[in-house]
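Just below sit the structures, each encoded as structure tokens.
Common to both upcoming complexes is subunit A, partnered first by subunit B, then by subunit C.
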Partner chain A sequence: MILLCFLFIPFIGGLLSLSFEKINIKYSRCSALFTMIILLVLSIYLCYLNLNTTNIWVVKYRTIWIDRFGIYLNLAVDGISLSMVLLSVVLGLLSIICSFKEINKCIGLFYFNLLWILGSIIGVFLAMDLFLFLFFWEIMIFPMYFIISMWGSAYKEQIAIKFFIYTQISGVILLITIFTLVVSNFYVTGKLTFEYQSLVNAQIGDKVGVLLMLGLFISFAIKLPIFPLHTWLPDVMAKNPKYGSLDLIGILIKTAAYGLLRLNLGLFPKQSLSFAPYAMIVGIISIYYGAVLAFSQRNIKRLMAYSSISHMGYVLIGIFSSNILSLQGAIMFVISNTLSSAGLIIISGLLYERLNTFDIRFMGGLFGKLGAIPGFALSLTLAVLGLPGTGNFIGEFLILLGNFKLYPKITIISSLGLILTAIYSLNLIHKVYYGKTKNKALKNIFLNFSEVNILSIILFLIFISGFYPQIIFDLSIKSITNIAQKTMFFY
Partner chain B sequence: MIKNAQILPISFLFITLIILIITISFNRKNLIIFIITIIGLLISLLSIFLIKHTLFYPLIMIDNYSLFYTFLILISALYCSIFSYTYLNKNEEVYMLIICSTIGAILLVLSIHMTTFFIGLELMSIALYGLIIYLRNDKDNDLKALESGIKYMVLSSMASCFLLFGMALLYFYYGNLTFTNYYFKLDDNTTLWTIIGIVLILISLGFKLSIIPFHSYTPDLYEGTMPPITAFIATVTKISVFVAFMRLLMILPNITSFLNNVLTIISIVTILFGNILALKQNNLKRILGYSSIANLGYLLTVIIAMQMHICKFILETINIYLLTYTLTTLGIFGIISLINNETLSFYKGLFWSKPDLAIVLTIMLLSLAGIPLTAGFIGKVYIFLNALNYQLWFILISIGIGNSIGIYYYFRIISFLYMNVNKKQLIFDLNSFVYYLVLSLSLFILVFGLFPQNIISLIRVFS
Partner chain C sequence: MKKILILICLFPLISTLLLASLRCMSKILVCIIGVGSIVSSTIFAILLAFYYYLKPNPFLEHLYSWISIYDVKINFNFYIDGLSVVMICIVNGIGLLIHLFSTWYMCENFKYKKDYLLSRFFLYMNLFMLNMLILILGDNLILLLLGWEGVGFCSYLLISYYYRVYNNVISGFKAFITTRIGDLFFAIGIFFVWIQFNTFDIQQLLTKFSLLNNTNSFRYELIAFMFMLGTISKSAQIPLHTWLIDAMVGPTPVSALIHAATMITSGVYFIIRTHFLFELAPITLNTIGLIGTITLLLAGISALTQNNIKRILACSTLSQVGYMFVAIGIKAWHAAIFHVMIHAFFKALLFISAGSLIISCKHSQNILKIRSIFLSLSKNIRIAYYFCFVIGGSALSALPIITAGFYSKEKIILLSKISGYNKIWIVGLVGAFITSIYTFRTILIMFNKNINKFIIFFNNQKPLIYNVSHNLPLFILLILSTYLGSLIKIPMQKEITMYNIEVENCCNIISSIIVIVGITIAAKIFLFSNVYYMDIIEVVLGKLVLNIIYTIGGFDWLYIKLVIIPYLYLVRINKFDCITFIINNIINKVILFFYTVMTKLHNGNLSFYLTIFIVGIITSLLMSNIL
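Let's look at the complex of A and B:
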């Protein structure tokens, strides 16, 4: 029952804040904030439950939804989804606090969209029925479209439609794949079911299995995004409202990583294993490609987008090497990378507020001028490049360590990409914060209380995950062991 | 006598028609005529529940399937006449023509014989000619209406000729005109003429359904006619012809693999081009015209599946898809007839002046695009499952591509709705009946999208 509440609270909260807009703007802000706080409390309670059970599934909820197709409202939480849910709730809370100052038009509608995105993302993480997964996966798109097209900057309609077409293609591929899986399972067992637990044991032929696995892989790779399918991300990032892009990078990407972990490895362990080398090669290409392109960008936000493409290569490698170490590394890396890039995006928004530009060429010599911003930016950038002591380092290290046993060459090549990461992020720091001051019209606004708090919370979380990563490992160890054992069987 | 009571909906409509003719010649009061029409439609709608399954051999068959579509047709006729009451306040003959056309459509749905089939088709389309060329005392629109009416008349009568010729050719071989399994047997002895006859019939029906090689009149027709009448064309004619087409093909056993391949190619082309052609249109009704072409393309795939193996699931798919399509189309045209403007740029920033209408229109468009939470998603799921179940891979891929293209133009309209433009206040009556009808339709679509189980099990009874 707690899961059902968890699922519906953001949707109801969104509707409430939409309807409160007519009465008073403050009410809708408060209701959005209040919704997120309830969610945070609930997810911490779930964490507490998780530590006290030995069962893989912490809480389950199951009731019939559409009897005709054997579709259940089947929700369950395990360590992996719990860590993802916790992360998205924290990020959602931060983005709502951020948006208090930023969003001035149609506030109710903005919170409605934001909360619906969050709700559908939580739905994706909780859904244990593939139809439900698909349902939330597709719902997620259209509030995102509205956020881009209503609160974005120039050319927002075209960008929004570009984003929408990409994600829709991914959605259609996912839909076809899942239905094919269900129908072929129906032919074997004579039972029409969409449930994850029973589809795990489905008897699928090898060829069909490879095709289905590829379908899942492509549809998640569009969302992740990975090298040949990435072109929507930089545009969308550049044209997004700053707090919308916080959401985008933080949350949309994680759903794809979660999908790869849960569906690809969970449903098709054997086929994923045989596909692993190719997936890793794609990952290496996107590591290098993203890093090289990030180096030559002039817009900070485009730079962030390419850097996240580059980082997702590591996540891909970590997921597909599929042993306990690298999977834990991947989850760790997703969490800390999301946090650090979210921090950097907030900082780029703050810089825009002061300098009125995202262009790196018009910045420079900002160190010592804007109060605490350069300090935060420096530490967050160091986190992005994976300095020991931050979660990113732990993540990268574990991914590479776990992968080295199986694919040493790929590990060596991909670890060289870390140098490129260091180069572009230090280059960014150098160009923006050191050197001569180029911008005369600098508004020297100091950070206000809430911004300092947000940035410090993000930094604090990154350092906690860097110095004591065991917290996050403990959350997800049981279910990761389960997945890794399943693939181990096929080595 | 008891047996004849089984065609109650048609007889009630006939009685309504006669009363209407008499009243119009005495008393030309719009409201009275409208009320008589509504009462007639409602009575015949209620009379459906009294009917039992019967077979009037060899002309008419009444089963659950045809009853369901009679219901759907009557509902859409009801909605269209209400739309036209608010849209034009003076002309009473519209209702007469609508009822006449509805009778034809119902006859078409019930028919299992070529004669009733032809009579129904002609009754429906001849009344439609009058509806299409309905002048509005507005120079631009009238010219368009005339153009589309003449186009439709010429092409439609051509199609009828094709149909008649095809029927004659079939009669030449089988000596019978009923749609029964027993007679239509294709084997090695089948002459070329018979196959040509079947092809001619398919062509004429393809014209009525506006499948791609025969589609060119559709967008003009949609653009030229008044919104209520467009709603009528988009729902009643499409439903009835499609259902009759289904019945014809259900009887024709395995129309040779060659024809099946042709149907496959036609449906793929219809899906892809129907969606592609809609991309660059600037008139909302033209876009909907192309989208209706694409929707019928999705439905055609079901017919191809039916050629392989008939099972209940196919009928269920058609029922659900046509239901969602009808409701969504009615809703959209209801809004268009409320706003009374069809250029896309007029809809810029509708959200800021009329938020409720914009939200309803958004729900309808999302449902056409097949986004979850709306009824359209359930229909899409059915179509996909059907294509997968029969392993029609090319069709599956084309449905996927067509769906992704379709998203583009639906969302183009939606992005127009939410553009931030300062605009003058729209003038229309929000308290009109149509507004509540459209609102209830959108609620129904949402409920169907969220809790489809009840409606699915209801429809399973009818299929």
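Let's look at the complex of A and C:
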């Protein structure tokens, strides 16, 4: 029952803040914030439950939805989905606090969209029925489309359409794959079911299996995104609302990474394993391609987008390496990389507020000017670099360590990609903060209390996950072991 | 005594957090926090040293379990043995003296370079100390990596401390990237260790190694080679040395602490910490020895042509670290760590007296300029500087009997002779000769009264105040650089070599003579005429060779041509993401083509529709018949 509440609270909260807009703007803000706080409390409670059980599935909920096609409203939460849910709730909370100052147009509608995106993301994480998974996967697109087209900057309609087309392609491929899977399972067993638990054991021919696995892979690769399906991300990032509260939630949450982990590895462990070298090569290309392009960008947010593409290469390698270490590392890396890039995006929003530009050519010499911003940016860059002591290091280290036993060459090549990461991220610091001051009309606004708090919380979480990563490991180790054992069987 | 190691690390941690979170503090408070933390840390380090002296048993201090998944168990453990006691004392002691000195230096320097935050300086310095302590105390490779990369990052921050000058920023960048390349190879080495031995613990590795037979040595070579790449980048050996010379743009106390006394030698520390691994890899050890010899020669020769005092000192650091690598190459671990210690003393002395001299001489670092300004200082101060430099310089060039440098450097040269590495012995002697020449060239040029052709008298209106935070570090380091410094015993097992008194005496006498001859030659050349020195060298060698010597092998040029320019070219051609280009130009056009075709079909012409309709029916009937 708690899962059902968890699922519906953001949707209801969105409706509430939409309707409160007519009465008072403050009410709709408060209702959005309040919704997020309830979600946070609930997810912490679920974590508590998770630590106290030995089951893989912490809580389950199952009731019939569409009887005729064997579709159930089947929700369940395990360590992996719980850590992803926790991450998205924290980010949702941060982005709502960010948006207090930023958004002034159609506030109720904005929170409605934001909470609906969040709700559908949580739905994706909780769904244990593939139809339900697809349902939430598709719902997620619409509020995002409206937000880009309503609150974006120049060329927002074009970008919104671009986003829509890309994600629709991903959705369609997912749809075809899932239906083929269900139908071919139906031919074998004579039972029509969409449920994950029964499809896990489906007997599917090798060739069909490879095709289905590829379908899932491409669909998730578009959303992740990785080379060569990445071109929507830089555009969307650059043209999203100026202050970036939306980047945090709609784009940074790696539902696709979760999908790869849960569906690709869960349903097709054997096929994934045989596909792994190719996926890793794609990952390596992503790492290098993203890093090289990030170095050449002038727009901070485009740079962040390419850096995200580059980092997703590591996640892909970690997931397809599919042993306990690298899977755990991939989850750790997704969490702390999301946090660190969230911090940098917030900072780029703050810079925009003061300089009215995202272009690094017009910045320079900001160190010692803008209060604590450069300090925060430097420490977050430290995390992006993957220096030890940050969660990113733990993630990368475990991914590469786990991968090394099977694919030493791939590991060595991909770890050397970190040099390029260092080059572009330090270059960003140099161009923006070091050197002589270029911008004369600098509004020297100091950070306010809530901004300092948000950034400090992000930094705190990054360093906690670097120095005491065991909290995240304890959360997800059970279900990761479960998934990894399945693939280990095929070695 | 159980929790003393955490206490050593705790104070720099607290002060780092304090300095990071409280931005607006008075300078005095910043100094108190920044230096006070190191003082308390040093007190505990000295306590530890006494404790270890009384009861020399290595022990482990468990803090918490850092990572534990499946079969990976990494603890946050600190480990103490003789080696780490020595290093802790060096780092804390030198660190304390330099922190104290930098309160004077930075405050004086801020009169010249305005608008830089003092708290940022002490924040970085304390963070550096913390990372260095973790690097020394860590008992597993991952913890070492934590400190290892941490010191690299702090070094980057401190080199680019004067961030408004673009050159400084680029130098810091270069230092970070170069060491980062090494760090990644270090990490790959750790992966190899994990595959081979399934542990990260150095002590467990030691026991596993002691059970090994010397088989399958290629794997150990590989591991040792990866670690070697890591250490040569951090310890600035050829070919990854180029960052160190540029790193001298940082504040002088930073050069003294990080780029001379502590961080540079952490590569040596690491190899000695895992020497059991390197012992199984003779090829890598030989490579290390070779790299050391090349570095010590090239850096020494380069120092002869430099005119910037900090760059000269940097070259001398390179060549002294080269000696340490030579010592490692001949498996003289004890001699290497002894030279690390003595080198830290006299190099810190040289650097901080150079820093003080630079401040006194209107922030000019060129030795020719310093000479012209130097005479305007008062006589007592001049004598004091002269004294400092002569003591430091003679320790650097290993003047026999009275200086500490003699006992450490001679030991390495001697051991190379005893162990039968005759070529290394000769190179070591040549290196010592060159060292004495360039050291005394610098000193004689700076302090020589005879050549006063270009003297410009400055009216030093505000004489500098030399307070205790300036004098005390200099005084202590002066004492440590003389014979008294070499009396400090290192609580480590000495390597067992057959000492032959006759050979020893003979070698000592040879190298002493060489050093003294070097000094005499330097005096002959530079005491009376220096003006044409550079010109003569240029005429003799030609401009190209001189340039190669000046840049220590011209590796910078090579890297720019081979790595940086191609990379920038790659970046430039793919600036707008070729995938976007393909999508815009090909896929969009294909879709547009279908769009135009479809609109042409849908043209409202009834007879056209009818034709299509009939053709369609006929083909489908035919198809169904066939099928």
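Everything below uses one rule, namely that the second predicted complex is superposed on the first by the 479 of 491 C-alpha atoms of A that agree within 3 Å, B and C clash if a C-alpha of one lies under 4 Å from a C-alpha of the other, contacts with A are read in each partner's own complex, and residues count from 1 in each chain.
The rule is short, and it goes like this: a contact is a pair of C-beta atoms (placed from the backbone, for glycine too) under 8 Å apart; a residue touches a chain by one contact, two chains touch by 3 or more.
Note that the structure is a prediction, hence the values are computed from the model and not measured.
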Of the partners subunit B and subunit C, which touch A:Ile161 in the superposed model: first, second, both, neither? first
What is the contact status of A:Ser307 with respect to subunit B (first) and subunit C (second): first, second, both, or neither? neither
Name the contact category of A:Phe146: first (subunit B only), second (subunit C only), both, or neither. first
Partner chain in contact with A:Val183 - subunit B first, subunit C second, else both or neither: first
Touch check for A:Phe135: first (subunit B), second (subunit C), both, or neither? first
Looking only at contacts as defined up top, I'd like to know whether subunit B or subunit C touches more of subunit A. C
Give the list of subunit B residues in touch with subunit A in this complex. 366, 371-373, 377, 381, 384-385, 388-389, 396, 400, 403-404, 407-408, 411-412, 415, 418-420, 452-453, 456-457, 460
Contacting residues of subunit A [partner subunit C, same complex]: 227-228, 230-231, 234, 292-293, 295-296, 324-325, 328, 365, 367-368, 371-372, 375, 378, 382, 385, 387-389, 394, 397-398, 400-401, 404-405, 408, 411-412, 415-416, 418-419, 422-423, 426-427, 430, 433-436, 467-470, 473, 477, 481
Going by the contact rule at the top, pick out the subunit A residues touching subunit B in the complex. 65-69, 105, 134-136, 138-139, 141-142, 145-146, 149-150, 157, 160-161, 164-165, 168-169, 172-173, 175-176, 179-180, 183
Can you list the subunit C residues touching subunit A in their complex? 20, 23, 64-70, 72, 115-117, 142, 145-146, 149-150, 153, 156-157, 160, 163-164, 166, 169-170, 173, 176-177, 180-181, 184, 187-188, 191, 194-195, 567, 570-572, 574-575, 577, 579-580, 583
